[in-house]
Every structure is written in structure tokens, then in C-alpha cells.
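Have a look at the structure below, then the notes.
For reference, chains read A, B, C and D in written order, and residue numbers begin at 1 within each chain.
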Amino acid sequence: MYIGYALKTALKGMYQEKWINLLSAFTVASSLFIVLLIGLILFNIELFAGTIHERYGLVVFLKDNLSELETQSVITEIHKKEGVISARYISKEDALKEIKDKLKDVSYVFEGLDTNPLSASIELRLKKDFITPEKVKTLSKNIKEISGVDEVFSAEKIAETIDYFNRSLSNMSLIVLIALISGVIFVIYSTVKILFYRRKEEIETVKLLGATRAFIRLPFLIEGATIGFIGGLISTAATLVIYFAITYRLSNVFPILQNLVFPNEVIVVFPIVGLILGVLGAFVAVGKLRF
Amino acid sequence: MISFSNVSKFYDYHTVLRSVNFTVEKGEMVFITGPSGAGKSTLLKLIYRAEDADEGEIIVGKFNVTSIKSSDVPNLRRQIGVVFQDFRLLKGLSVYENVAIALRIRGLPEKEIKSRVFDVLKRVNIRHLADSNPKALSGGEQQRVVIARAVVAEPQVILADEPTGNLDPNTAIDIINLLKDINITGSTIIVATHNKELFRGTGKRVLRIDSNTIAGEEIG
Amino acid sequence: MISFSNVSKFYDYHTVLRSVNFTVEKGEMVFITGPSGAGKSTLLKLIYRAEDADEGEIIVGKFNVTSIKSSDVPNLRRQIGVVFQDFRLLKGLSVYENVAIALRIRGLPEKEIKSRVFDVLKRVNIRHLADSNPKALSGGEQQRVVIARAVVAEPQVILADEPTGNLDPNTAIDIINLLKDINITGSTIIVATHNKELFRGTGKRVLRIDSNTIAGEEIG
Amino acid sequence: MYIGYALKTALKGMYQEKWINLLSAFTVASSLFIVLLIGLILFNIELFAGTIHERYGLVVFLKDNLSELETQSVITEIHKKEGVISARYISKEDALKEIKDKLKDVSYVFEGLDTNPLSASIELRLKKDFITPEKVKTLSKNIKEISGVDEVFSAEKIAETIDYFNRSLSNMSLIVLIALISGVIFVIYSTVKILFYRRKEEIETVKLLGATRAFIRLPFLIEGATIGFIGGLISTAATLVIYFAITYRLSNVFPILQNLVFPNEVIVVFPIVGLILGVLGAFVAVGKLRF
């Protein structure tokens, strides 16, 4: 029964106070933008960390001049070890080709190379939960004892780093999340508080005329929702622009940036998150409405 | 309809009302007078629960105002139309909307709101100002908007706080006649005023506030 | 001191004042009366340049108000103390500060501000409310703050727009006596009012506005 | 004469409207924060690009078995070429050592390497304005004609990339700068406009009492200055926190981040910039003050 009037009041109020509302939407947008940006960065780092996990493995160097049968038996032996997902055999020749490929940019170091100085090797992929400093150490010790194996390159340091990185990432995510969520709540709360504050006198009067809480609250909830929604929309748009700017432009220079992922759901979800936060903030800001 | 028993009201540093006792019958019209700062406005505020009494009991119709639940306050207030001494017009809204809001709050359909608002604006002679902003009105015109808003919903009780302070004598008498007409249809009315002309010869009760309480009662 | 020659004022859709002519001598005290919406407040607003005249010429002391430079308007206004019909009290400030601002604007030293403000608050009987917020004051008390602010700087001209609408008869007469006292010290005073009691028997000129112009002049 | 009163009014007003002021300072801070962050990123990329410029050069591979005299004559010849800043001779042995150093992480590729497959080389550093695709091409052709030179590795692609990168960087800086400056101006303008708007009635009254423009403006200018200053302070602090978080924490994982530079002047300059923008925004927002 009040809704038509509340809608009209909210729209009119928002038009009359263009400035405050623009600033509010802008503020909400900029904080949601930061949330989105940091979220996106964390998301992508997480993704990247995931691929590091998958890619990472041990490299087992074989003694020179092993027969095919001997090589095969080493591989079988390794497959039996706990934590090993797969093992890929790389011959001397493959190794050189691969290295040359990887180091294209500095390929001049291979100028005039006419003997192949590399060993044949086996690359292992390990299970995710197997990549801890101790487990990798034990595994590589075990593999080294297999006959035919010359050396195991275990890169404990990389394992340690990934481990540390993962832990500090979750810590940081938590801190950043808490800081940002309280930031967004603060902004929307104080935004609606301002709108409420500006109409304090009017609300006081309407209360004295006998208005119910719902009658008073509804326009504010609509305003909060609109501001939050628009804030979410703007921040999503801004993030998309930044995203395309980075993937299309900067990736020419830093090719790794081409792999940045922007989850499509964000485009739908974020304005709705803004709307919900707006309604919530408005609700808190209008408060108990004592009579 | 309205009864005060031993009602007192204090502000931090002084007493405004002490042991006020009076009763206003349903359908009665009563005047309250007294010097500036006597407590006339405060007394009216206690009736529509804009202020809490510190002592005593106030009954308004079926409501016990001094022990009313917070959620019942809007119901109480919808039984009462108030002409505020300081007008309390809503700045952002037109004259029409300022009057209509009293009906919107009560959930009336748009059509009835329209006819009722224009009716009452005609009665206080400001029909032609319906679309104006209250800020562009003269003092007396604003006061008539407030009166229109107070009576438009035909509430059981009308409280008019100095309703003619900005009106010329002729318009003032028109307003008092309007209130009398409404009174005849059954509304209980209390008018707080300095203006002796308003109650002289009306034959209504006049309560005089002095020294923080009702110091006397006469017939106007 | 103040003279109107053929002054007219229109709003979008109607005429408020047409061909108004009158003069008020330096040190004179004049009343303006007329029904609600006649244009009393508008006439006063033209004097302190809150509204622009659409036709004619207005002279106030050494200022030609109708052709005044924008940068000179503050100087004009500092010659004038206004009792606004709608009070225009500053909500954030105490009663003391509300009165003091009239002197702050004129750049007086803090010490003199203090003694002058307390003096004038005493004269309008609200010395004890100096630290209150205007919102916590009764209608009549607020009106006296406005009066105090208008006279505290002892301006050459005082314009009082319905200065007693919220005052009981005794206080109203006190205020008129205060204005008379100030008038004797040399200020020119114009009082716009509906209240015949204020000018009856004063022996001052009373200008009556009707049909958008000064329709008559009598002695109160 | 007004200043004492203006200061009191401004402070009181700011205290009374804690909410609006907090939100304002917060808004200004967050936009200045973005400015600072992007500024810092651009600054560091610029720095990095500068070092790329300096580091970048041509590599000239010499024929095997040149005598010391022949080598010396090649170096002298190269020095004569326009655009060359310096030439560093790297023997076969040095080259291997350097490569091994550079590729520490993948040093296993050198396992079992017992002949040195590398050539002796001369590394050239070029003048900045000489690093354009055509100039580098011409130069390397000229050098190749010197007797004793086997091959010139010109990495035209790197030159092209740097060139492109530099141009798109200045374009982006410009766009970002314009967007952000108008953003900051908008925020401060609308912030003060709100403050002004909230006191509209009061100002209207004070005008009617005869206040001059200076009397009315001063408290707003003080408020604007304070908000801007606090905004600048907060954003600087936030940026410093982010900076240390990145250099200390993340640099464990991405060592390149250790080289991030935070110019100390920012700590002093930015709050002052905030203050000036605040006064400016307040001045514009209060506007002409028509009487």
C-alpha cells in the first residue's frame, strides 16, 4: 500500500539530492572496485599457484648409457613410490631441444654448441598434498637409491616457497577481506546515514503525524538499494575496463598477463551484492526509529 | 476522551508542569492559555507523546499514553491531528503533498486523497496555492497549510498550538469557525493560544496555565 | 531614510505589490498592516534586498537598493536589523551565539560582544536561556531571541515582521516598548503586524496594504 | 578578525557532522590512494624501463681462436660506431660462468657439461635514443662487417617492444592521470558541496544578517583543507603499508618486487597536495555566493 508512494518519494529524493547520491554511488563504487580488483588479483594468484602445484615435480637424472630396458625398470620403480602422479622420460636430445625452446630469448648461449652436454632425465609430477619440504626430501632420497639414477633434483627451496606463499596468501586474504568488508559496510552505512540525517527533521515530523516504521524506512531502503546497485554496476564496469586494458595492452609486454581470468559470474553477482549491501547498510543506518 | 491525572514534566534544570489534572470530554472544544513559556506546547506534546510525562497518568481515548507500547505510538498519533506552533512543513513537498501525507500515512486510496485535500485547501482559502512550495508562501498561508494537514484526516482529536499567530483577525476567526464546525462533527479539540479574541464569547472552557500548573478555569 | 517610489514586485504568476510609494523619515517608527498574503513581508524583504524590486526605486540611507552593487549588499544589510517572521534561528548554535553572530559579522571584539549580548538578552527576559539550544525553547522565547539578534548591533534601521505573533499580550507590549526605546535613541523602525493592539494608541503612522499597494494611512 | 571565529566554527561544524566528514575524508583518501598506487606503479615501471634501456645492448660474438691483438682491434673498431656507449669483452670462460649464474634455478641443465660450447663475445651498451628498430638494425649490419666478428645478436624484437611499451605507457599515463584528477576534483567538490548544502539555510540567514563572502567562506575553506589533508595522510599511510607488505612479504616469492621504490618526498608532499585540493574544491563548491 505504501510501496508506490515510497518509490516515488525515493526517486524524487534521489533526484533532488543528486550530489549526495552521486558521491555515494561513487564512493560505494570505488570501494567495491578495490574489493573486486584485490579479489581478482587473489583469485588469479590462487589459480597461478594451482598451476604451479600441478606443474611442479621432481627431476630424476639418469646415468649415461643406460639401455632401454634399464631405463624402463627405473621408471617402473619410480611409479611405485607414494605421491607420484606421472613420470615422463626425456632423452638427451629432447632435453636439449626443450632447453633451447625455454631459453629462446638468450638462445645465443647455444651458439656454436656441437656436443650435447645434457643427461637423459625423468620428470615426475607429485600429488598436491605431497609437496611439503619433508615429504619431497624423503621421496628424493628414496628415488636416489634406485640403481641407474644419477642425481635427483628436488628443488626443496621451490617447495618451501610455495608452501610459505600459500600460507601467507590465506593470511593476507583474511586480513584484506576483513578490512574491505568493514570498509564497504562503513561506507554504505554512513552514506545512508547522511541521507537519513539530511531528512531528520522531515522524519521527525512524519513520525509525529503517525507514520509507521515501514512507511518511514521504505524510501531509504529503496535509496540504499539503488545506490548499492549502481555502485556495484560502476565498479564492475571499471574492473572490466581495467581487465581488458591489462589483458589486451600490457600483455604485449608481459605475456604472462594474458592468462588473467575474469570470472563472468562477477558481472551478474556484483551489482546484486551491491544492492544487498545497500539495503543492509540502509537498514542499519535508519536504525531502530524510536517513537 | 483526554484526561491528565497528577501529570508532571521536568527538563534537566527546571520544572515545566507539576501535578496537572484536567479532563476533556469527547466532542468538547477547550482552550488553553497562559504566558509565553508557561508550558502550553509541552502539555499538548504530552498528549501526542512527543514528550514523555515524568509523573502521573495520561489517557487519550482507548490509549494509556503514559504506558503505551512504542509500536502503538503511531496508532495513537493517527487519532490526533496537530497544528504545530513551528509549522513543521515538509520543505521538499508541495502544499498539496504536505496535506496529502496525513492521508498517505493512513493508507487512503489516491482518489480519495485528492478530493479530500482539495476540499480542505478550499476551506482554508489556499486552494490556488496547491502546487506552491511552502517556502514561497506568506506566514499566514503556511499556517493555513498546517491547519489543513491537521484536520484533513478528520481525526478524533485535534490539537492546535497557537494556530492564528500569523493570521489577521478576519482569517483567524475563519479558522476558529472551521475548528468549531469540525468540533460539531464529533472531534475533540484543544486550542493553545495567547489570543483572547479567539475564545472570548465562544462559551467554551478556557484553562489557564500559570506557575507550572493549571491555575484557573473560566468560560470564554 | 527609507523611500519607495513606484515600486512593484511580481512573482511568476501573480502581482504582490504594484506602484508602492511611501517615505519613512530617519528616527521614525512606522507600522505596516494588512491581511494575510497582502505583501507585508515582501515589502520588508525589498528593503534589505532579500528580494529584487521589479519596478521603481528604493532608497535606504545612503544606499540606492534597486541599483546596489552585489558587493555592497552586506554593507546595506549591516545597517539593518531584521526580526524574521519565520525566525531563521541558527539551529547548531546556542541562544547566546545566535545573538552574538550579529556582532561577529560586524567584527566587534569578543569582550564587547559578551557584554552587549547579555545586556540585550536581559532586556527581552531570556538571560537565563543563553546556553540553551533554540530548539528547546518555547515559541515565544524563540521569538525573543530573534528580536534580540535584530537589535543587539543597534542598527540604523530595524524591520520587525510580525514580532509578537507568538507572544502573550504582556510580553508583546514589553517588546513594543523595547522597540520604542530603541527608536528614541535614533533607529528607524518598521513593524509589520496583524495585531491592532500593537499600534493602537501609539500615535505612530500605520500604513495599510491592500489590493497590492498601500491603500491607506492612519495614526495608531 | 574573522579567523578565530571561523576556526571555531569549522572545528565545531566538523565535530557536529562527524559522519559526513569521516565519509568525506575516507572518500578523498581512497581516491588519493588509487592515485598514489597507480602513480607508484607507473613510476616504478618507468624506472624499470629506464634500467632496461641502460642494460640493453647488442651482443657481438667473435670468431673462435682470435688473438688478443685481433680482439683488441675489433673492440676499437666497434667503439668508433655512433651510438655505442661502452663495450665489454667476455671470454669463453666468463660466458659460461655468467650463464650458470643467471640460470641458477635450472642449473641442472649444466649437469655433466665438460666442454665449453660458448663463444667469446662483446657486450655493447647503446645510447637511449639509439634504441629504435631501424637504428639498431643498421648498427648491427655495420658491426657484422668488421673482420673477426662472427655474429651480431641484435634482438630487434626487444627494441621494438621497449619502443611500443614506452609509447603506450605515456598514453596510458595521460588517460589515467586525466581520469583520476577529474575524479579527485569531483570528490572534493561534491564533498564540500554537501557540507555547504547542509548549511544552506544557515548560510542564507547569515547572508541576510550582512555577512561578507569571506566570513561565510572561511569555515568551509578550513573544513575542505582539513578533509583534504587528512585524506592525503590516510592515503599516504595506506600506500606505505601496502608498499611494505609487498616489498617485505611478497618479495620472498617474486624477488623482482624487492626493487620497488617509494619516493620519500611523497610522505610530505601528498598530504599537502590533499590540503591544496581540499581548499580548491571547497572554493569551487562554495561558489560565487550571490547576494
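Just a few scattered comments:
Definition applied: a contact is a pair of C-beta atoms (placed from the backbone, for glycine too) under 8 Å apart; a residue touches a chain by one contact, two chains touch by 3 or more.
What you are looking at is a predicted structure, and each value in this text was computed from that prediction instead of being measured.
With steps allowed only between chains in touch, the distance from subunit A over to subunit C comes to 2.
Subunit B and subunit C have centres, each the mean of its CA atoms, that are 29 Å apart.
Mean C-alpha position of subunit C lies 62 Å from that of subunit D.
Rounded to whole angstrom units, the spacing between the C-alpha centres of subunit A and subunit D is 25. If the chains shown are joined wherever they touch, the resulting network closes on itself as one ring, and no chain has more or fewer than two partners.
Touching pairs of chains, sorted by label, consist of A-B, A-D, B-C, C-D. Of all the residues in subunit A, the ones that touch subunit D in their complex are 19-20, 22-23, 26-27, 30-31, 34, 59, 61, 64, 95, 99, 102-103, 105-106, 108-115, 117-119, 151, 153, 161, 164-165, 168, 172, 186-187, 190-191, 193-194, 197-198, 245, 249, 252-253.
Per the touch definition, subunit B reaches subunit C in the complex via residues 11, 34-37, 41, 85-86, 136, 138-142, 144, 161-162, 165-171, 194, 196. On the side of subunit A, the complex with subunit B involves touching residues 1-2, 5, 12-13, 16, 201-202, 204-213, 215, 290-291.
Residues of subunit C that touch subunit D in their complex: 48-50, 70-71, 73-78, 80, 82, 84, 88, 90-92, 101-102, 104-107, 149.
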